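Think of it as A, B, C and D in the order they're written, each chain with its own count starting at 1.
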Amino acid sequence: MQTLIAITALGVFCLIAEIFNLRKLLVPVTVVGLLAVLGLTLQLWSIDPALDTRYTSMIAVDGFASAFSTLFVLLTLFLVLMSDTFYQEHPTKFSDFVAIKIFLLAGAVAMVSFTNLSMFFLGIEVLSISLYVLAASKRLDIKSNEAGMKYFLMGSFASGIILFGICLIYGAMMSFDVTFIKEMSRSAELPIWFPIGIILVVIGMLFKIAAAPFHFWAPDVYEGSPALTTATMSTLAKVTAMATLFKLLSVMNADIDSKFQMVIVVVSILSMSIGNLMALRQDNVKRMLAFSGISHAGFMLMALLSISNAGSMLLYYAAAYALAGIAAFAVIVSVTGDGGNETTARFNGLGKTHPLLAAILTASLLSMAGIPIFSGFFAKFMLFSQTIQSGYLFLVIVGVINSIISVGYYFKLILAMYTKEAGEGKQAVPLVYTIVAVLSIAFNIIIGLYPALVTDLLG
Amino acid sequence: MDVTTILLLLLVGAVATFLAGDKLASKVALVFSLGTLGVSLSLLNQLLQGTDISFVGTWIDNPKVALAFKADGLAMAMVLLTTALTPLIVFSSFGNHFNNSKNFYALVLFMAFAMAGTFLAADGLLYYIFWELALIPIYFIALVWGNGDAEERKKAVLKFFIYTLGGSLFMLIAFAYLYSKAGSFLLEDLYNLDLSAGEESWIFLAFFLAYAIKIPIIPFHTWQAKVYQKAPTVGTMLLSGIMLKMGLYSVIRWQLPIAPHAAKEYMPILIGLSIAGVIYGSIVALRQKDLKKLLAYSSLAHVGLIAAGCYTLTLDGLSGAVAQMIAHGFVIVGLFFVAEIIYRRYETRTITDMGGIRTQTPKFTSMFMILVLASVALPGTYNFVGEFTVLYSLSQANLWFAVLGGTTIILGAYYMLKMFQNVMLGETNAKAFADVTSSEAITLVAIIAFLLFFGLYPKPITDLVEPTLKEILAVINK
Amino acid sequence: MNNILNQIGIENYIFLSVLLFCIGVFGVLYRRNAIIVFMSIEIMLNAVNLLFVAFSTYHQDSEGQVFVFFSMAVAAAEVAVGLAILVSVFRNLGSIDIDNLKNLKG
Amino acid sequence: MEKNLALVLLLSPFVGFLFNIFFGKKVSRTVSGAIGTLTVVLSFLLSICFFSQLNQSGKPFEFSVFDWIQVSNFKLDFGILLDQLSLLWLLFVTGIGSLIHLYSISYMHDDENMHKFFAYLNLFVFFMITLVVGSNLLVMFIGWEGVGLCSYLLIGFWYKNQDYNDAAKKAFIMNRVGDLGFLIGMFIIGALFSTLNYAEIKTALAAGNADTALLGVAALCLFIGATGKSAQLPLYTWLPDAMAGPTPVSALIHAATMVTAGIFMVTRMNFVFDLTPDVQNIIAIVGALTALVAASIGLLQNDIKKVLAYSTVSQLGLMFLALGFGAYNVAVFHVITHAFFKACLFLGSGSVIHGLHGEQDMRNMGGLRKAMPITFWTMMISTLAIAGIFPFAGFWSKDEILMVAFEHNKVLYVIASIASIMTAFYMFRLMYLTFFREFRGTEEQKHHLHESPSLITIPLIILAVLAVIGGAINLPGSMWLTHFLEPILGKHEAHALGTHEFMLMGVALVGALVGILWANAKYIKQAFVPKSDAEITGFNKTIYDKYYVDEFYTFLIVKPINGLSNFFRTTLEPALGKVVFSFGSLANGLGTQGKKIQNGNIGLYLFVFVIGVCAIITYLFIAQ
């Protein structure tokens, strides 16, 4: 809870800073603040959550929540670091964007630490509304408007469904408290609303993680939004939603019946296949990564099939994916800037003009494709291995075939960087992007070499 | 000192080469690769004296992955193949100029690192990681420094990457499954696993897919010729000299002992397929117009025979296969280097553009001739030892296998001599052909010396690998 | 209050809410004017709110009603953002027909 | 000490090879030739030493140099065996080898690559010695392949001419066909007896528990190997083409030594062949047919060396005929005498070609008797020997073969006799066309006609002398050779010289005379000169074109393989490639289709959303 308060306070500070014209100091202070939050989270982690009873009805800071919160804070840190340069041309709105990102983080933290469905709902809405704003944040850009509009319409539609699900759960259980619901769900006969409610909530979350067939918004929104927002969506928002879905299912009814598993399997296969197949034919990098994100959502859904012991695995996958995503977007942002041409052709000859950036982008794409030493490999491997143990060999084979397909489009970008001649002259790259890219890919590789750093966190 | 020294040295070498800058890169790479060769020789010495040079460390607890490097005779033989060929390959490239040579040589050393790791790893996942890791450097080497039309090259290289990666991912599934059964990736644990016939059979096939593409066994070979043609010669050497052997080595080390019953069941089909590769590769090689492609198809034929030897599941088959792997590694590197030497002077790889070189360069001709003869397994070369043993093992399985596999000595002679005739002989070529430089000659002589020495005295290598092969056979026949 | 629910039965509230919710859904699906789509979504949310209150009464539990406040507040925030986006869309496109939003596709 | 001497015997030519390869270019041609010759002479002298030693002690000398290849059920060492058979072979290989080296010093003196020529010749002698002295089949195989290599190198010695290169390639490849047979035979024997050592195989066979069926296959495979190396049906076609090489090579490799390797091998493995009578029959039949076919082709050839080549094939056929009847000693006898007179003939033809500056077509020769008397006389002697005229060497050995054939199979006897008559005919045809009547070449050539220098004539004379007296080693009465080889071949009853035998001798002699007279009638009396190529018609053309066997092989094997290769390369390979690519295309196609669905319409998106919701709920709750 302290984390949440601290984050919110930081967000409020950002808004105030604007009033006091502290724009120059904004990013440094926010970064320091986020680092402090990071420290706080880590420190709170060591305290047994059972001792902290003050907020138990709403928030429980267990290992899962702390671990994911740490990841979120880290991702936000990277995103905020990039904001300064990214929003150079919108100095007046700069602090708003930073503040919104911080609030978004607050929503995300709430989503993984909730013990009450109202907290869950609030978290998801805070996250979503922040993203609507960010998506449409380029006011004069028709694409950005369209992206915001699409995201908003579909997002609030999904919110409605989630709300309806929550309502049905409440109707069946007489409470919003998940521990209570969990106990009740084990006991006597339940009204049919309860499972329907769960399903509706799950569907809403599937929308948020952009799993097929609820994925249609993602490519359009990713493409239309400003690059940094896309980065936020594809990393922070996606893994938050995934973690939340996982937590939701694990705290409410630990044993999903086989029929429900079949739904997950089908959705997972659909997401992977649609995401990868569609990505093959994309020319816009952001759009391609959107489809890639859809396929990764499909992969992550596999974790739901062995929900009792897949927590650390999911954390690992999320970290690997998000860190690779941040690194990739840092490079994309530094190449394309805010808007403009975002096709793969823009990356032609990057291997010659900016070897470091090209190497980083290559590494992050390799990580997403699941090539060893990058953490993406271990993430996929653990997922596959776990899924095989749960008896879904078929799903794993589909997953593997999809991994193969995915190489096709990841390498399209790599090929562009290394084999084609650069079109324009060499452009300067802001240092901060490079730093972010290097840091995040370094983290990615480190946890790839020592997966225990992450997997041991959740025991 | 244990085997990790080799790996570390190569890795450090890669970094140092990268840092050394473009001018010094090739020399630094050579120094490190020679150093590695020295270290591996001294390690071999230790191994022969009975010192344990294996290394087992912990890495990941969950899933339980160990940093296990097992250096027995077989692994050391293959590591030595790698560390011996690497300096040769690096040295052979001294006559070329590469843009960004620091990247290039760093990738070469990194690839050597990955390949040595593949040979040494005794933990399934570790092995898999090295296996995949080897793919990345060669991808970039072929892509960035390759030759020919960029679009076609991209297509060929991408196909290669996706194809081989695709195959290996099925192997990854098999490993994941094995892990769920054994709770460990360690080689011994996997060997001791009791699998049902059905499980063995699909695991075997999953492994097969990975290896059949890498080796390659027909009809999974379609990536090979194009990539060999398009890659820079150094890359082609690395691919054909060492990387193919990764697949064959893995058959012996992983596929057969883990799924022995399936191996026995599928044996005739697999041998048949391998031998079909021998004949097919030879026949296709006959009419190739591009020198490198011809060598690629000859390579296809040779590895087919090696694979056939592996799948006989006999000591002869395996030891012959190992011998042939090493011999082929050297000879094919030599032959590709010959192609490169010609390219440096004539800037062509089309055979019809050559001819009449012999008059101008007797030294080169002799060395080329010896390599050609080694490649057709003339007695006295190490290739003969391997081919003889493999064919002998095939004849034990079924005489017809030996007869059909033996056609390689006829067809091989046909296409190699035809190639030699068209490249070297005939009326003196109008274009001048400078005789080999001393650095080129050193490389070729080293290769030839190796092949001839072990051709007459293969005992050291046989004695080195045989105990390991016996152990593996014991597992297969348990 | 007890009596009313006993007389009418909670199922009927659920049916009503589902009906309203579906009206909202169909509104979203069939209307092309962005404002009307907004309104349809509001209908969906309010259908849920109605059901919350009904359940709250049914269970004799105040939490549900508290939740309705949350949800109303959130809906208000959403609409505020939504309308803002709508305005900028209108400025750029001169129309609020969602069928015109087809730049991003493929 | 003996060991070292044996190694010197073996390695001396190899040292010569190394010297000539590395330093040959730097020293003068004479030095390089002298070193090449001396190393072989040294081997020859050592062979004599060992031979005399063996003659006294009668004990073969066997030792192992080092371990070589090891397979599961046996180890192979690099072993050397000096027994009666190998020493006999060594003697004439190194002996004739020395002579031919000597001859080459002069013959090749004008060639810029003379040092290479000597290097290759030395290498050949080295491999030939290896072939002969090996104590197991695999060491023999080294030599076997090695001499094939040298044959390849020497046939293609004038590498600028692609036809010669083709001939070299053909020789190597056809030999390799046989080599595959050899290998398979070795594999079977290795599997059966767990050894490839001659003595051990013999012991194992004596124990008598062999699977004769499999042994038969092994013997047949070994024989296939022999047909390759010794140019028998159906693998003989390379030998006539091999005449592309310099003439000393034809004499040394393609007449006297290498081609007898097959006979050596069969003789070496006599204990195996003795147990497989079916294979022996095949050998006899193949031998007889080869003798006949080659002789008939020889009748009409115009290239002087081609005639000799077909004659060689034919004579080798006769030797195999003898081998097929188990008369190994007879075959060996003929090998030796044949080596003498055929080497002499080839060297003589070389002398002629040398004198005519490269002219090989007999239609452009004639009347050389006066210009080249020594060459003429030596060749005449050898021709008489090969024709089987009493008392020259060939008479004795050929007669023995015919006698053995008569004993075993009358049909084959008749065939062999016809072949002998043909031999007499075409050999005299050669002599008449070359040496008699007027010179038919250009004035330019006529002007330069001269006898060859002494380095060429001395070997000719020595060989001619041997061709006269060579028969003495196995005269019907003494049978020295047969007795000498008894430790290896077992006891053979000497033929009692009865009327029967004398009658056969008479028949053979008469046959030879008929052939000679026929030739005389046609080429001296009628003064017939063979027509130019275009004018040859009918059956003569068929024979002249060697029964179109080469064309037949081209049509049946080479063309289909090349066609297949083209088909694979242009059709199958791309098709296979496409199969792999088709997965990619399929994925791409699906992606393209998918793009159409993702059309940017929010209504559609929401619609699919709702459909998804309905589908899931229907699946989970309604459809039970």
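In this text, a contact is a pair of C-beta atoms (placed from the backbone, for glycine too) under 8 Å apart; a residue touches a chain by one contact, two chains touch by 3 or more.
On a predicted model such as this, the values are computed, not experimentally measured, just so you know.
Engineer: State which chain is most central when centres are taken as means of Cα atoms.
Structural biologist: So the chain nearest the centre of the shown protein is B.
Engineer: At what distance in angstrom does the C-alpha mean of chain D lie from that of chain B?
Structural biologist: 37
Engineer: Using mean CA coordinates as chain centres, what's the chain A-chain C distance in Å?
Structural biologist: Computed value for the inter-centroid distance: 27 Å.
Engineer: Roughly how far is chain A from chain B, going centre to centre by Cα mean, in whole Å?
Structural biologist: Those two chain centres are 43 Å apart.
Engineer: Taking the mean of the C-alpha atoms as each chain's centre, how many Å separate chain B from chain C?
Structural biologist: 66
Engineer: Counting only residues that touch at least 2 other chains, which ones in chain A make the list?
Structural biologist: 149-150, 153, 157, 219-220, 408
Engineer: Which residues of chain B are in contact with two or more other chains?
Structural biologist: Where chain B meets two or more other chains at a single residue, that happens at 162.
Engineer: Spell out, as numbers or ranges, the residues of chain D touching 2 or more other chains.
Structural biologist: In chain D, residues 584, 595, 598, 600, 602, 606 touch at least two other chains, as defined above.
Engineer: Tell me, which pairs of chains are in touch?
Structural biologist: Taking the chains two at a time, the touching pairs are A-B, A-C, A-D, B-D, C-D.
Engineer: Which residues of chain D touch chain B in their complex?
Structural biologist: For this pair, the touching residues of chain D are 21, 25, 66-72, 78, 116, 138, 141-142, 144-146, 149, 152, 156, 159-160, 162, 165-166, 168-169, 172-173, 176-177, 179-180, 183-184, 187-188, 190-191, 217, 561-562, 564-566, 568-569, 573, 576-577, 579-581, 584.
Engineer: Mind listing the chain D positions that touch chain C in their complex?
Structural biologist: Per the stated touch rule, the residues are 595, 598-603, 606-607, 610.
Engineer: In the complex formed with chain D, which residues of chain C make contact?
Structural biologist: 25, 28-29, 32, 98-99, 101-106
Engineer: Give the list of chain C residues in touch with chain A in this complex.
Structural biologist: Going by the criterion above, the answer is residues 10, 14, 17, 21, 24, 28, 34, 37-38, 41, 44-45, 47-48, 51-52, 55, 58-59, 61, 63-64, 66-67, 70-71, 74, 77-78, 81-82, 84-86, 88-89, 92-93, 98, 101, 103-106.
Engineer: Help me check something: in the complex, which residues belonging to chain B touch chain A?
Structural biologist: Touch list, chain B to chain A: 59-63, 103, 125, 128-130, 132-133, 135-136, 140, 143-144, 150, 153-154, 158, 161-162, 165-166, 169-170, 172-173, 176-177, 179-180.
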